[in-house]
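First chain written, first letter: the chains are A, B, C and D, and each begins at residue 1.
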Amino acid sequence: MAGSSFGNIFRITTWGESHGKALGVVIDGVPAGLTLSEADIQPYMDRRAPGKGSISTPRKEADEVEILSGIFEGKTTGCPISIMVRNTSQHSSDYAAIKDIYRPGHADFCFDAKFGFRDYRGGGRSSGRETLCRVAAGAVAAKILKELGIEVCSYTRSIGPVSIDPAHFDKTLITSLPTCMPDKAANDKALEYLESVRSDGDSAGGVIETVITGMPAGIGDPVFDKLSADLAKAVMSIGAMKAIEFGDGISVSESNGSKNNDAFRMDNGKVLKATNHSGGLLGGMSDGSDIIIRSYVKPTPSIYKTQETVNKNNENVEINIEGRHDPIIVPRAVVVVESMCAITIADALMTNMSAKIDSLKTFYKP
Amino acid sequence: MAGSSFGNIFRITTWGESHGKALGVVIDGVPAGLTLSEADIQPYMDRRAPGKGSISTPRKEADEVEILSGIFEGKTTGCPISIMVRNTSQHSSDYAAIKDIYRPGHADFCFDAKFGFRDYRGGGRSSGRETLCRVAAGAVAAKILKELGIEVCSYTRSIGPVSIDPAHFDKTLITSLPTCMPDKAANDKALEYLESVRSDGDSAGGVIETVITGMPAGIGDPVFDKLSADLAKAVMSIGAMKAIEFGDGISVSESNGSKNNDAFRMDNGKVLKATNHSGGLLGGMSDGSDIIIRSYVKPTPSIYKTQETVNKNNENVEINIEGRHDPIIVPRAVVVVESMCAITIADALMTNMSAKIDSLKTFYKP
Amino acid sequence: MAGSSFGNIFRITTWGESHGKALGVVIDGVPAGLTLSEADIQPYMDRRAPGKGSISTPRKEADEVEILSGIFEGKTTGCPISIMVRNTSQHSSDYAAIKDIYRPGHADFCFDAKFGFRDYRGGGRSSGRETLCRVAAGAVAAKILKELGIEVCSYTRSIGPVSIDPAHFDKTLITSLPTCMPDKAANDKALEYLESVRSDGDSAGGVIETVITGMPAGIGDPVFDKLSADLAKAVMSIGAMKAIEFGDGISVSESNGSKNNDAFRMDNGKVLKATNHSGGLLGGMSDGSDIIIRSYVKPTPSIYKTQETVNKNNENVEINIEGRHDPIIVPRAVVVVESMCAITIADALMTNMSAKIDSLKTFYKP
Amino acid sequence: MAGSSFGNIFRITTWGESHGKALGVVIDGVPAGLTLSEADIQPYMDRRAPGKGSISTPRKEADEVEILSGIFEGKTTGCPISIMVRNTSQHSSDYAAIKDIYRPGHADFCFDAKFGFRDYRGGGRSSGRETLCRVAAGAVAAKILKELGIEVCSYTRSIGPVSIDPAHFDKTLITSLPTCMPDKAANDKALEYLESVRSDGDSAGGVIETVITGMPAGIGDPVFDKLSADLAKAVMSIGAMKAIEFGDGISVSESNGSKNNDAFRMDNGKVLKATNHSGGLLGGMSDGSDIIIRSYVKPTPSIYKTQETVNKNNENVEINIEGRHDPIIVPRAVVVVESMCAITIADALMTNMSAKIDSLKTFYKP
């Protein structure tokens, strides 16, 4: 049952339920001496917040972060950073009607099977609200990575059938458009699509793409703790994720070696790759090119249509889900994916420092 | 740099290089009292062995397993099971010509970036031979699962553009056909395709599908250690994997909630799902339906065509890879995927036993 | 630098500094269905609180616990339990005078060596206040153990040269006497001793004894994760501990096998030991007898005498420590030792459930 | 049940039983580029071997190490180092007579309680032979530490009532005298004592002291992963250990702060301590002074006297243990303690490299 921690050296532990008093995260292993305050974290929380136009729930979640430990005189101390967000806008009564019914597409049934009962209010521990803890930790990881010249950037690549046009890629739009697409035309088309889905009482899915730039080569381990494997676990641990691919991803299965291999070439004294089919990962380690990840998000399971299901008494019943829910979670999940990737990269970099005996000698030798 | 262990309670540690003396695995956490011998493991090793027709390397690898510990009077003792396979058919000289050159699509460059140098013979630690350790451990995990009524079954779903026809699915063919496809017609077509690829000096990729039957509901954890996340890490830690999907996978991104949600229904007093878009996983936990996984394998990077690359001296060079290599690794990887999934499931089941206080009371109360 | 987590399945993560906003603990892996509220935890916090007579600091620490997650309708949900205690009685200004000076016997110098600087207020993360998080978690572990018929009981065995007389052992006195000694006469004598130490501006140490009753045999692992080894780590991770012994402990080094071995004997159909030199632990596993642990606590390093030391500028200086500090920490540490032992035992019991294949079959077989 | 691994970054996994085919260790996380061969390890194995005079079992254990992986062209590759020792001198028949009887002082009873049965030959997994795996790994750790100017030195401090005289300390004697005492007079007296114990069919215990020199300050973590706590776990995980103390150890309980505190003093521009009551550890971190550890070993439980015990059928019986066994294990355990300490220190140093953000920037910044 544990399972609420992630990472080895840079290690996060999250806690809290959708309709409990608060949610939070403890970040252990943050190096000492990093300038850090709530102001570094709040913008990430705001990117995750709902309220951008018609596509998200009208409920207001302030999600104001409070740092409770690990900072002294504006700098990280090397000790655990505890961050908390109080729940303020919960309507538990919304859920009373469905407390004994297993919502299709949700974790309800599995929760009861595992634990014998559950906090049914808003999904409890399985709620998307848990991800705000990941985002708070991701903001800290991102700040560390920035010091090292590394950036993780996630955005919406597609919503339902609407995809961005890479030729129109404009990074500045990611945080300003409601879809988090870096392409205004695609954004507008996607909003139209979502409006039609919503008016039908239905929901939609989409694809989130992540690009990690500035990675040194050789990060990650060759066997089980491949960087690709750890990134896969990180992203697939986010609710609603049903697939992940790196570089050319699923299309490699129909490719050929002569096309899929990336040639190494010297470029201004540096080893570079002529192409990046690998998505920046070879043999589980970073190869110095951008790391490219695409993750596939299922449609929000909460819809406004009547659905068939069963209840705790093992009776077939119909369910109509009331309350507030988004027709799509993709735009809000963008910063969650970005956060989990940043956390994974920060941890991998720290673990890697003792890979060579010469590094230890430089570090410790009197 | 660690990274050679996998699992929590059921925990494996692998060691060995392609052209070293031997490779092996230590399996810790195997429950005591399980009947086990080399005869349970060897068939899995043989499934991984090359030699099935024209599609694989002509080199002979006996890969004979030797159990060195953890068994007494034919039963597991609860103590670590050490399994070793001696290397017998290695031609290290094949690799002398390329020892300073980074093979495109391989881990060579990343290895040097990380460790400063590498065992260049046959990929060293990054060789596919490392996976024989996973298969040996997988055989043990599979035997445990069998005692619990759970089965993991992997097979080749497609090779290059050739896919199986689910309507012709015949499980008995998986271990008898050279492609490991459960469909004779597809197997024959795939072999034709591979012959053309091979004659062109090229290589191919493919898709491996895995079905896990007999799973109880509620296995896996709701947050980071989702069963889906752990399975993703397990499978993506196998070399050459570039994508993974569960259930409807990537197609969920274009689906709608009303279609993607699986209705729960009572069936002979048991909760079942009317459909299985979820692939047996909801909220990170097993939902009682079959777990469905597809993993995407890239074309073998070793091809017989001349390729551009660089060497250790930072010079642009051409490379021609000699030696023995398969035009495809998919059929040999099938049992590796099956093994990693079995290991993950066995571990998840063991971790789950203390999820309810009532379980502890039943177990320990005088 | 991580290092703020303890345990495997039952796993705690603590955070917070002496003079920060708050301290807290996240307890992951608590089985679902356990009745739990603040009322179960507060009494443990109160046992750790100062204020019992002349031997402890006059500062008032309410240390009121607030459970923030993991409980629903009065029962644990199986999800992480987050517990927080707000700091209310901190006088940071007390420490301004010594912020650049390394207090002898404290972690100050080591902290700066490791992290480059430190939160100097009251010891920061190295403060004894961190232990209140362990006590909160210990209360939860103790409640689990109680359900299984296991009890951990710690008490003061000696203070300076004053030891309890086992013949006068009265368990009810542990929580009522200021020394936490189970012997009124020893308590009175110890208080006299402490008064003389205090009036001299000095401090004292002591010994804490722990008895764990109701343990089933066979808990713990035979190699690295011996129950003795894990208990040793648990207790030695408490600040000020300088030694630990099990059963006959240090005296075994002068004993002989014929005297030190405990004979097994049948007693009413149960295997019992005629003696308990082993302290309930053989080969790293519980042997069914009471587990006996003694831990040795150093004198409080903060004393009212002038001491020689150095400062951050590498100058020899004298230091006079102002502020509030106890002449002894033993009585307050009693419940901390008890808590760490309870946590270790709870975790070991959970890990042990899959030791036999028959246990898995009983648990999972349809 | 796992429990056969130790360490985080520098991580060892041992396997094997007393009378199985072989024993071995996998060492993961060894930095790449360290010159290493069997010749570095064998001398440590020989220090552990029996045969030094009358005090140890007459059985011959060659214990020849074979490195199976992780070395290429004489250097570590950064990949797991697998080391194996074949069992050659096992007399399983010695144990047939006692296979159903629980030997007092041994793990037999606990093993059966935990796993339902056991490999009864020579203690199986609980045999002292398991420690040869620790010693092989310790030799590797010691070689890493040597590169960093750190040395771990263990020796026999006392045997039964006979202690060394620190005034006569001669380090060169440790590996040459049969008792591993650094004092010839004490050695001779101890041998006399052991002869009398042996002639009485009995056994003896003793104390092992360890001094770690060259430690930088600030290694270890302030909370659970205190260096003292990890060293305690490391040493207490060795069979037969019943107590451990650091610095002044148990005597601190009767000391006073004014005496127990070590003054910091500047000495040639370096912060040193005027005394070392702390044993080199403050607040769980190294303080730059020598780390001093004493561990207390119980008398060998196998003695030649008739003992009372029970058997698997729950009958009271008498037992006479035949076969070969040492009257004391202390001299052979010396190098085991030294090894476990070296492993712990190596791991702590590696974990520590990311304690400051400036260290990461120096390491990774382009």
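FYI, contacts are C-beta pairs under 8 Å (C-beta built on N, C-alpha and C of every residue); 3 or more make two chains touch, one makes a residue touch a chain.
Source: prediction; values computed, not measured.
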item: Chain C and chain B - chains in contact with each; value: A, D
item: Starting at chain B, fewest touch steps before arriving at chain D; value: 1
item: Farthest chain relative to chain C (centres taken as mean CA coordinates); value: B
item: Centroid spacing, where centroids are CA-atom means, of chain A and chain B in whole angstrom; value: 26
item: Inter-chain centre distance, chain A versus chain C - centres from mean C-alpha coordinates, in Å; value: 38
item: Approximate Å spacing (C-alpha centroids) for the pair chain A, chain D; value: 44
item: Multi-partner residues of chain C (at least 2 other chains); value: 1-5, 8-10, 14, 29, 31-33, 78-79, 114-116, 125, 216, 222, 351, 354-356, 358
item: Residue ranges of chain D in contact with chain A within the complex; value: 8-9, 29, 31-34, 76, 78-79, 144, 147-149, 216, 222, 349-351, 353-361, 363-366
item: Residue numbers on chain B that touch chain D, as the complex places them; value: 1-5, 8-11, 13-17, 20-24, 26, 28-29, 31-33, 66, 68-70, 72, 75, 77-82, 84, 114-119, 124-125
item: Touching residues (chain side chain B, partner chain A) in the complex; value: 1-6, 14, 102, 104-107, 109-116, 125-126, 130, 158, 160-161, 197, 201-207, 216-226, 228-230, 232-234, 236-237, 239, 241-250, 252-258, 260-266, 269, 271, 274, 278-279, 282-288, 296-303, 305, 307-310, 314-316, 351-352, 354-356, 358
